[in-house]
Structure formats: structure tokens, C-alpha cells
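Both of the next two complexes hold chain A, though its partner changes from chain B to chain C.
Our next item is the complex of A and B:
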């Protein structure tokens, strides 16, 4: 069972992702509400996968991705963000994200993406 | 600057961005609700600050408002306003009927809906201008329309009196929903967007 860290500043979106993932055999080992918590919890739990929001207080998702990748070059991070502008997608992928899912998403889109990185 | 100093073709461009942005937002909402949503053609207009409370049903009308600042080559405020009953309907729809009040989870639903609608508008604007916009984390307020809008407009430190309003009414079989999207630009700077698009249109 792959472990996963959910990062999103909105409780509703964390709940939605958690439901999708747990129903499909993932173990959600942690949830983070901003980029700072995301880095702390990544170091604490070393999850196999991360879902990462971009627009968040304190530290945004792109900065958090850079920090996490610095700590673990093999980190597997999939962005889930409403900000689907092309330049931001490229920025996230350049920072080290493996995929970019634009919110709102269909559950299958998330599951298909995560499957590729297990 | 006020709305009278914009040329008709510039107003048309702003309306077109509004249409595309709201089209994106509707697609997004429809996906969230897993329902086909019928969208009335959005009414895009330029209005004065003082007209806003009346437009949404009076200053004492209870509303939920999600607002954030778009940051980029041009910065502006994005405000998404829903009448209270619309907000409650969408909370109910998105939590499969488990929540129909402004509790912690209900507020979180509304914040995410506002976030997605605002981001959809920014995607349209980015696509048309090649500018990139980031967004501050959205803030949610639930109160009377007059109180919330007064606070936001004071915060926005507006030099001008004109807002871009995109009003749309969305209907689904199960969810009645009405939302108003306001763009509050600093017109001196926002003009550069209009100019860019104007030049592109002439090509």
C-alpha cells in the first residue's frame, strides 16, 4: 500500500482527495495546510507520493516542491491546483513536480497519474 | 478614470475575457457537481462601486464572498459573491447532502468554489494575454453585502470608481446557484491588458 501526503490549504479538498485515495488502497500518512507544513511532514513521513496544491498561505506549493526535491531528489510530487495557466504548469514541472492536475478533477485523473509513479 | 473613458471596442474585449473566463468557471463547477450546468449568457458590464450593493439585492442581503488578489504584470482583486442560499445549495451539493450550513467544512467548500472560479477567470486572461498571474490564498467572508464589500473596497485602496462585473446565473437540475464575479482593477495598469488585446485583435 503506497503512502501518500496530501497538501492543500482547503479542508474540503483534503477530504475529497483523502476519500478518493483511501477507497483505492492508498495510505494517507499525513495532511499539510501550507508549504511549510508540507516540507516538515515530508521529512517526518517520507511518503511514496505527494499531492501538492499551489496557492497556499505562508509558503506556496512551487517553493515547497523545490525544498522537498532538494531534500529528496526522488520525491514523487503530483500537483493538484486550480491554477492551470501554461506558464505555471511549466514552472511546477521545472521545480520537480512529476505531473500537474488542474482542479476540479475527476477521481480517475488523479488515480491514473499516481499509478504511474508507484 | 471611469467607464466613460474606455472605448466601446475596449469594453467589448473586457466582455469577451469575461465570457471566456466564466465559460471556464462553469465547466469547472459542472465537473465539481458532476451535473450538466446550464449557464445563462453572462452579463458583463462596467459599473460604479456605489451600484454594487443594490445589484446583489441590497446592502443588507446576506452573502458569502470569496476574494483574493491576482499578482502578475498587472495586479487586481477578484471577488466572487454568492447569495447565502446559493452558497448553502452548493455546500449541500458538494458534500452529498451531509452539510448545509456554514460550519468549518461548509466554509471550506465555498472557499474552494471561489478559488476555482477565480482561477478559471485568470486562466482565460492568461491565455489571451500571455501574462502569468499568481493568486493570494482566497479569503472567505459571510455577512451582509454592504459590510463585506465596504471592507474589501477600503482594503483595495481604489483610486477609481469603476468595476468590471461579470454576472452569471447557473442552473442545474438539482442545484440552484447564482454567482457574481467582480474584477477590481487599477485601471491605469489594467489598461495595458486592454491595449495588448486591442493590438492583437487588429492583426
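Our next item is the complex of A and C:
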């Protein structure tokens, strides 16, 4: 089953995502609270997929995406954005994210998006 | 959904865009280099063009296309917004307005204005060494596509038309569209998109959009690549052939874009027919009346629990009433917005300099009043510019600032709205008015002798006072100041003048916020109850029979040094053959009413008190009944007729 790294600064969002994913057979191999952790954990676990929040302390999602892509050009990162972050989402896509999902999460949407990368 | 259903929406939205253009052009005149103003005008013209094209108003689409190009040149600073250009823009707006108003089967000749716009644009391009966008006559949006395609097919690529439909629940539509465009750019080259990239970026489109893309790749690959993007419902890939097929496609695109328009406006605002709203207001009105009825009944029962419940009910109905009233309220901005332009043109025409200041344009009032009050205000403004404000030479002579000031303001005062038009012109001289009144035989010298200066000045609102030798295109239309007053009075409002010779004139109009509910005095005649709108009432008096005189069989009294004609409601409304005797206290109860410059005393049996009443029309059959303006249902369920004072005096 596909391994996933969840990156989000709020524990609640991480839990929500984890629930959705684990119920559907994904293996959550790690969780990160900010961009710095995300890069570390990506290198540590080499997950098949990453869900990436944009606004985070220390290092934001977009910078983290850039770093991760530098490390692994094939990284499959899905951006998790809030409504109204249009320009940030575009920036993230340009940085190398493959798709985006919009909070609040609808399980179907999340799964639809991730399914494409298997 | 048929096209005609969009037309009303189109018209109302288009009018809004026109107003935006109108006020921005005025702003541009003040600040010719402001990019934000130009940008906004560009967007307005662009949106109008899109809407007009969609609904098939080719002329509007074509004209706005040219305006858009002109704005683009302005934006690129290839031309400068000098006076000539501003005039041209206003001229274009006038034509646009005409196009919007005209019946569909008529065609306006717009070639002249388009020529002018084209010249302005061409001038800009010549000066700019040929950074040309549009200039060789009118073009269909597809024409430049053909040019681009012709260039591109030389390379042997194929051009495809992709119709991409997004999931209905897609949230960041613009980003999805961006992803689609990005993928396509990787596979080939995008020629154009419908709607254009700007609109895609703003996300202001419906659930679908179209892209012309040129690529060496197979259509299957295009389809699967795009379909792989999340939240894409479907992708249709067609080979783009020639203009023939293009025309057919236009039909389906039309539908798509109509959906887009509907979606765009449908999200934040719903448009409701005024009739439905009136129905709702009528119901709420009846609820209010019935509430009063229940409260009356409770007075005799006096049950504490019922009291509490009723108090709550009372509060909620009042809130409901206010909320419903608000639905009909629109900001007076709608009316005020056209005035800067009017003042600009008119003062230029009269060779006067006028600065118009507007205050309180967000003040709200009933939609029906907004529709009616525009004309009188236009007249007051023009009147101020014609007669109030002096010529440039005179202003210099009187040591006044060269440019005159007109303040137009609106504000709420209790349940009324007060609109003021104030100028710093020469004011109204009562001596001149007196002379004119005598000349026109509006008043006799004796009458004038007894009048205060203010009363004399108010004569300008008198019918027959319109000063014919000062014919302008206004007076020529036969709209006099008396028409202003009668409009205001028909709205149950009042009009007042405050003027100082040499300093200026302030004309204030006071109107009720709504026409649906008015304050009325209830009176009893025989066994019937009648309502008299409070605005028409000057005072209530008791008169002893010995004070009543007879002049030519007409009963009159001498009241405040005036001869007041008495009208017996009893005989006038055919409730009885003749006036009954005085009340038990030996006095007649009389209500002094005023309509226009006529006064009369209505003889009634009893004053019952003031009450807010909901006006109901009497319906088609009883329409135009002499002396009756409508009816209302009172708290006890009885019907009271509302008297039409203007036909009684």
C-alpha cells in the first residue's frame, strides 16, 4: 500500500487526514508540523505521496515543496489549501506540486486526487 | 432557458456597467493618469462586450470592443486622456445607452462613433511605432484566431478545440483551469481560450471553458492528460477546421456562456420581481394590522402569559416589517450617479464652471420613490445652473469664486429622507418674484402684501409661474418647477426653499421612506371611517356655526386671515343629502388640508386619531374614483377608505 507523509501545522487537520487515509488503505509513515520537518521526514521515509499544507511556521509549504523536489524530482506532492489561496496554490503548482485539494476536506476529493498517483 | 429570460438581467447589469464607466470617466478627467481607473474602465467595457456578445447584441459588443481597445491604449500610455478623448468616451457612452434602450429590431448607426474611436486608437498606434492590436475595421473574435492559426498550421501542427467541463463542486476553478492550461502548454501551444485568460484567472466563468490549442500530439493524449487532473468532469477534444464549423460551435458556446453569466450573477444576488416583493409587503402589512387587533383583544382579557407571548410576537412582527421594508430599499446612488455627468455637460453648455459635491449617496429609500425622484432632481439641478448660478463675468464682478458649487446631499431624518440641492449662486430675490407674480397674475398685490418672503419665494413652485422667456431645452419640455412640486407631493413629500440673495439657494425635498405605509388621520363621517394622509393635513380645528359664512352658496370661514372654503365630506361623498347639525358640543370638527397651493376645510363628525396604515389599491374596477385614493384595513378588520385630498379641495 502507498506510503504517505502528512504535513500540516494543526494536529486536528493531520488527524482528519490520517483517518481518511488509513481507512482507505494508505499507510501514513510520518507526520510533519512544518516545512523543515517535512523535508527531514521526506528524506527519512521517501514516501510515495505527500500532502502539504501551505501556511506553516518556520518554513512554508511552497518552500518545502521546492526543497523536496530538488531532492527528488519525482516527488508526488498534493497541496492542501484553504479557500481563497488561489495565487499560493498556483505558486505551489509551479514549485512542483502535482495537484491540490481544498479544505475543508471531502474524503472523496482527497482519495480521488491521491488515487491518480498510484 | 430561453434567451429572452436573460435580457432583463442583461439590461440591469449592463446599466450598472454603464454607470461605472460614466463615473470612472469623470474621475479620469480629474486624474488622467490613474491606472486603477483605466483598469476598471477596461474591465467594465470588457465585461459588457462579453455579455453583449453572448446574448447576441452585436452592435453593443462591437462598440465596447473598440472602447476596450482604446482603454488598452490608455493603459499602455500610448494616448493621453485629454479633454477631447474624454468627450469621445462620453459620446460613446451615449451611443451605448441608446443601443441598450432601443427595440431589438432597430439598428442604430454606430459607424460614426466607431470611426472616431478607431481614429483615436490609430493615432495612438502611429505614435507608438506600430504596437498594433485592433485597427483594420471590425473583427469577430474568431478572426484573429484564424490569423494565428494560419501562421501556426504552416508548421504542420493540428489545432484542437478542447471543451473542458469542471466538477460542479470544484472550489478553486481558476486554479484547475490554470492546471489545464499548464498541461496544454507542455504538450503544445495555446492559441486562445474562451473565456479569455483573464477571466479564467479570476474564476468568473461557469463550469466549463474552451481552449484552442495547437499541438503535434494525438487528441487521445490531450484528452487523457487533462482528464487526469482532479475535479475535471469531462474533456471534449475536437479538431478545429475552419470558420464554417466555428459558426456552428458558436451556438453551443453561447449556451455555455449564458450559463456562465447566470452563475456569475446568481451567486451573490438573486433578482426578484418587484411584484412578488409587493405581495410579501402586503402580507406583512396585514400581519401588522392583525397583530394590533390581537393586542386590542388582549387588553380586555389581560392574561399575563398571553401578554408576554404577545409582546414577543409584537417585537418579531415589527422586525419582520422592517426587514421586508428594507428589501425594497435601494441606495439613492442609483439616481445620483448620473448627475456628475449631467452637471458637467450642462455647465459646459451654459459656459459656467460648476463643481458638484455629492454626499450621502448610500442613503437608502424605497425603490419606487427612487424611480420617480430622478426627474425632479434633474430639474432642480438644471434650474440651479440656469437661474441660480451666475455667469462667469457676474461671479467675477461679485467677487465670487469662478467655479460655482452645487452640493447634492441625501440623509435620513426619522422615517423620512431629506434630499438637498444647494448652490452658491445668486439666490432668489423676493422682489423679482413679486413682480413676476403680478405680471403673471398668479397673486394680487393685496395677497402678496400679506405674504412672507419665504412664502413669496415658494411661488416659483406655482403652476403658471414657469418663466417662459427663459426657455432652455428644459423649460422647452414643459417641465416646470410646479411639476417638481407636484411629483414630490404625489410621493407624500414636501419641498422647501431656503435662499439668500447673493449667497445661494437650498432646495430641500423631504420624502417618506416608503409609499406602502403612511401615517394617516382617521376620521368618522356618518358611520364610515376615512383616512387622511397626515402630510396633507395642516391642522384640526373646531368652528362654531356662527363663524361660517356663505359666499355664492359656498360655505367659507375666515381662518388665519384667509378665506377657507369648507367641504362637507358628508355631501361631497354622497353619504347624506345635507350637512347635519353641529356636534353636541356645538362645534363643527374641521380638518384643514392642503394640496398644491389650495387649501380647504373638511367637515367631519369626529377625529379618531393617528395611525400607520397600509395602503391598498382599490383594484381596477374602482380605480380613479373621485376623492378616494385607496383603502386600508384597520386593526378591527373594518375597511377605511383613504381620501385623495388633491381632488377634494
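We adopt the following convention: the second predicted complex is superposed on the first by the 116 of 118 C-alpha atoms of A that agree within 3 Å, B and C clash if a C-alpha of one lies under 4 Å from a C-alpha of the other, contacts with A are read in each partner's own complex, and residues count from 1 in each chain.
By our rule, a residue touches a chain if its C-beta (ideal position, glycine included) is under 8 Å from a C-beta of that chain, and two chains touch if they have at least 3 such contacts.
These figures come from a predicted structure and were not determined experimentally.
Using the contact criterion defined above for the overlaid structures, shared-chain residue A:9 touches chain B, although it does not reach chain C.
Contacts of A:57 after superposition on the shared chain: chain B is touched, whereas chain C is not. Judged by the touch definition given at the top, the superposed model places A:86 against both chain B and chain C. Of the two partner chains placed by superposition, only chain C is touched by A:100; chain B is not. Touching more residues of chain A than its counterpart among chain B and chain C is B. In the superposed model, A:116 lies in contact with chain C only, and not with chain B. For the contact definition in use here, the residues of chain A common to its chain B contact set and its chain C contact set are 81, 83, 86, 106.
The touching residues of chain B, counted against chain A in their complex, run 28-29, 31-32, 68, 94-95, 104-105, 108-109, 111-112, 115-116, 118-120, 122-123, 126-127, 132-138. Taken together, the chain A residues at the contact with chain C in this complex read 81, 83, 86, 89-90, 93, 99-102, 106, 109, 112-113, 116. On the side of chain C, the complex with chain A involves touching residues 169, 171-172, 174-175, 178-179, 182, 203, 228-231. By the touch rule above, chain A contacts chain B in their complex via residues 9-13, 15, 55-57, 60, 81-88, 103-106.
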